[in-house]
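There are structures below to look over.
Two complexes come next, and they have one chain in common, subunit A, joined by subunit B in the first and subunit C in the second.
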Partner chain A sequence: MSINNTLLEINNLVVEYVADRKVIKAVNNVSFTLNKGETLGLVGETGAGKTTIAKAIMRILPDPPAKIKSGEILFEGKDIMKMSEHKIRDIRGNSISMIFQDPMTALNPIMTIGKQIAETIGLHEKLSRAEAEIKAIKMLEKVGIPGERFSEYPHQFSGGMKQRVVIAMALACEPDLLLADEPTTALDVTIQAQVLEMMDKLKKELNTSVLMITHDLGVVAGTCDKVAIVYSGEIVEYGTTAQVFDYPGHPYTKGLFNSLPRLTSNEKRLKPIKGMMPDPTHLPVGCKFRDRCPHAIDECREERDRNVNIGNEHFVKCDIMTKEV
Partner chain B sequence: MATMLRVENLKKYFNTPNGELHAVDDISFEIEEGKTLGIVGESGCGKSTLGRTILHLLDSTGGQIFFEGEDVTYLKRQKLKKLREQMQIIFQDPYSSLNPRMSVREIIMEPLLLKGEMKEDEMEIETEKLMETVGLESRLADAYPHELDGGRRQRIGIARALALSPKFILCDEPVSALDVSIQAQILNLMLDLQEQRKLTYIFVTHDLSVVKYISDEILVMYMGQMVEKAPADELFANPLHPYTMALLSAIPIPDVHAKNQRIILKGEIVSPINPKPGCRFAARCNYASEECHKQQYSRELSKDHFVSCHKAEFINK
Partner chain C sequence: MTVNRRKRHKSQLKEILGRLSRNRLAMAGLIIILLIGILSLLAPIVAPYNFAEQNLKATYAAPSKAHLLGTDKLGRDIFSRLIYGARQSLKIGILSVGLASTLGTIFGSIAGYYGGKMDNILMRILDIYQSIPGMLLSIALAASLGPGINNAILAIGISTIPAYARIIRASIMTVREKEFIEAAIAINASDYHIITKHVLPNSISPLIVEITMNIGNSILAAATLSFIGLGAQPPSPEWGAMLVEGRNYMRDYGYLVIYPGICIMTSVLSFNMLGDGLRDALDPRLKN
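Up next, the complex of A and B:
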């Protein structure tokens, strides 16, 4: 792959939240790249720092309390953090857009959905109001909502349809990068299937890169090319979806898979990960997973770089379990 | 084994300004002691209403409920209070179902206090035992819910439900708000408790992988009606109703090699207000024809496998 195929490159990103004289280490030294047209799944549990990463890319982290301590976020080679406010506003919605988890709160309740989409288009493209509205109707139809419903209000739509409206809005300006933060978590499975299928179709049509934030490994398997497993603000494993799902290397990734009830097996008991995520104000020194890890040894307390490439760009942040491999 | 709970033609309708909302329509089933019935369906299908009607948290519109062979559909206050000791509930949201002004100890002790048969020190000991049973550290007894994470809060909810040693527990989406690693801990705890105490569960959820794992039998609901009921393995191996098939095919499988042909359904659930007779799924069904708009009956197609679809044999040929 050539260098200019890279759309987004994040290097050593560190984000902290400072509140009540406590420092919450939300993102700790995260690096990854996303190529054009590719979908990367960012998987982790509540509080792992997934949404903080996405918000940092959009540069919508509220400061205070959030502080980007170090690192760079290169979008098409340019550092987002060094851009002027004017420039970043130009990028937001135009080149990068974001879908939020809850479609119920993402829409303005007192504005028709057609107007809301047209407004987004009008902000970024030099179109007359009439032209913007025509384009909005086209977008609605693209996501499977009849154009006649242009002048209806959000409350007249079901949850699945609202999420499709949000997706229509996010894709209206044909962004290069879509940050999808749990886009189907609030939806029922049959509706989730509809929405995921539609996103996949649009993504291919527009060659959009997607950062898919989710806690659902099933959604990742069905939609992502690559996957990054996030734990306590660190990427503990990174690789193609096939690498990570077929040969999970990190004890946390393995634990996640063992915690999932499978439709295909008849196991009588799940093997959960013991304990809970560490308190982000008092992260353990060394490996952050060691308190819950069945393989932890004294060495795991050492502060060192434990990222191991176990073959073909499949990275695992554990140098104990990967030794023999 | 003895039948713990039997429900016959249970109905729950709500009056709305636009007409009668058929939240639960003519549902019948029975559960044996120590077994789990999973109730699945999408938002608004009536699964929670069904559970709550069985617990008498809502009054039923029609039908009968039998608990340990006794008709408990209509009960006077005193008898209902006695029945409720036997029938408990665990709620979905461990954040809003616990009183924020009560400590862990007070929350778990409250049912004992209300029953009023134990002395103060007996209750203290019992509470400690309950905390141990559900895996809560005793140092947390004086903590308040807001200090605890979701998994621990759900353990409080479980301890409270167990306080009066019920025979039956309605579990209404008890793990939906939890992360997978914590979800697995709670599911295992619930299975352990079931074994130790011979508990009977109704497990209401929209998560089909969870329901397969925990249930002996599964009932699938669509718009207030039962569309299919079968032993868990049988339902997943051999779904007969077109809705069940679509539902199962839509589950995202955490395996990159899984090649499931997704059946993408047209449209969405319509409102169950003044529903027309006939199959309520017909409007979205690929196999629907004229006869589907006539009254539907649940039929036993193979042993213990019930389906409400005229065309089940035809579709599954």
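Up next, the complex of A and C:
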């Protein structure tokens, strides 16, 4: 993999929220790379820090309360965190754009959807209003909404249609990187499939890299080239989709797969992961998963680097389980 | 493509007016306000007498064919004075509220959108501001600026700024948390653009209701200023001032206060009905 092919590289990112004098450790030492045209799935439970990572990349974390403590985010080799506000504005929305989780609230309720898409285009390209509107209609038709609905308001659309509009907005300026924050969570399954299929098609058309944030392993299997499993602000497992799905190494990843129903076996009960995620204001020392881990031993209390490469860039943040393998 | 699009594209204003026109109460309010407005503009043509024309032979005349609504203590035709008075009252109501709501919106949106320190500083200033009773502040301002309608407008306008700032701030703070604001930041819209295009239009509805209610209040406040000699100066007619003038003769010549009172009530009510209708029309979510 040549260096030129890397679009996004995150090294040792640490983000904290400060609220009521408590420090919430949302993202702890996260590193990963994303190549051009590739899709990386960030998978994890609610509150694991997935959205915070995405917002840090856009540099739209609200400060206060959020603080990026350390680390670097390299986009096309340049550190986003060190950029001036002026420079980041060239990138935001133009080279990197974001799809928000809830299409019901991601659109301005009193502006026609066409205007909202045209607005995005107008902010980044020097086009007349009429030209921007024509481009917006083209974008609408690309995501499967007839151009006649240009002057309709968000409340006149169904949830799936709204998410298409949001996607059209995000892709209007043909970004190099698309941050999709649970783009299908608010949609029902049939619409999910349509939306994902459409995203995949557009992604290939525009050669966009996608950071797919989700808690749905099914979505990952269908769309992602690589997967990063996030737990308590850390990436506990990272590899290609095939590696992670076929040979999950971390006990948490295994737990995730075990808690999915399988069609092939006739198990009556699912095996959930016991317990809750640790309180981000009092993270345990050592392995953060050890309280819920069936294989935990005393050694897991130690603070040390647990990252193990179990072959072909497949990283697992557990040196106990991987030793046995 | 362009031609087709133009056809489909209905301006937002047109749509709002379309929705407004389907609201009967609001239309009634609008019609009354327009009627008052037109009458006041055409006052020299419509009014049978000049507002200052005295007829000392016919003081306190009861309503008759010659004087539709009777005459006051100097024999001036009340109907004519009411028509001329509409000019003053509408001017005071609209201009003072316009001044206060514009400044209040600017302060309120800055405080509500940026929050934090900016919010704290602005709101504490407004706290001090509001700790002075509004009427007292108006009186003090009017007294220092000198009597007259324009100064009354300034005085009433300035003293009501904090109320608007608070309303707009509260409503902006709820809109500010919405995801589409975050989305607008993510597509790199400037703060000014976000506030004027996304935040304000979504938070303006309560302000509109407040504005319409307050046009009535301003008309009353102007009457109070006139009462203590700081508002409209005689002989210029102003509904509030007429009300105050007639107050002493209320028991014997009720029409001296009843007709100006009806005028104030009707116009305030019309503004309220229009305001409610506008709020529904501005918010497509309330449409049914």
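Simple rule for what comes next: the second predicted complex is superposed on the first by the 325 of 325 C-alpha atoms of A that agree within 3 Å, B and C clash if a C-alpha of one lies under 4 Å from a C-alpha of the other, contacts with A are read in each partner's own complex, and residues count from 1 in each chain.
In this text, a residue touches a chain if its C-beta (ideal position, glycine included) is under 8 Å from a C-beta of that chain, and two chains touch if they have at least 3 such contacts.
Keep in mind that what you see is a predicted model, and the values were worked out from it rather than measured.
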Touched partner set for A:V219, first subunit B, second subunit C, both or neither: first
Partner chain(s) touched by A:S84 [first = subunit B, second = subunit C, both, neither]: neither
First, second, both or neither for A:N312, with subunit B first and subunit C second: neither
Which superposed partner A:S128 touches (first subunit B, second subunit C, both, neither): neither
Partner chain in contact with A:F150 - subunit B first, subunit C second, else both or neither: second
Residues of subunit A at both interfaces, subunit B in one complex, subunit C in the other: none
Residues of subunit C touching subunit A in the complex: 1-2, 5, 8-10, 12, 116, 178-180, 182-189, 193, 197-198, 201-202, 282-285
Residue ranges of subunit B touching subunit A (in the complex, touch as defined): 42-43, 149-151, 179-185, 187-188, 191, 206, 208-210, 212-214, 233, 236, 246-247, 249-258, 262, 264-265, 268-269
Complex contact set, residues of subunit A against subunit B: 45-46, 158-161, 188-194, 196-197, 215-222, 241-242, 245-246, 255-264, 266-267, 269-274, 276
Residues of subunit A that touch subunit C when the two form their complex: 58, 60, 64, 89, 92-94, 97-98, 100-102, 105-112, 114, 119-120, 123-124, 130, 133-134, 137, 147-148, 150-151, 153, 155, 166, 169
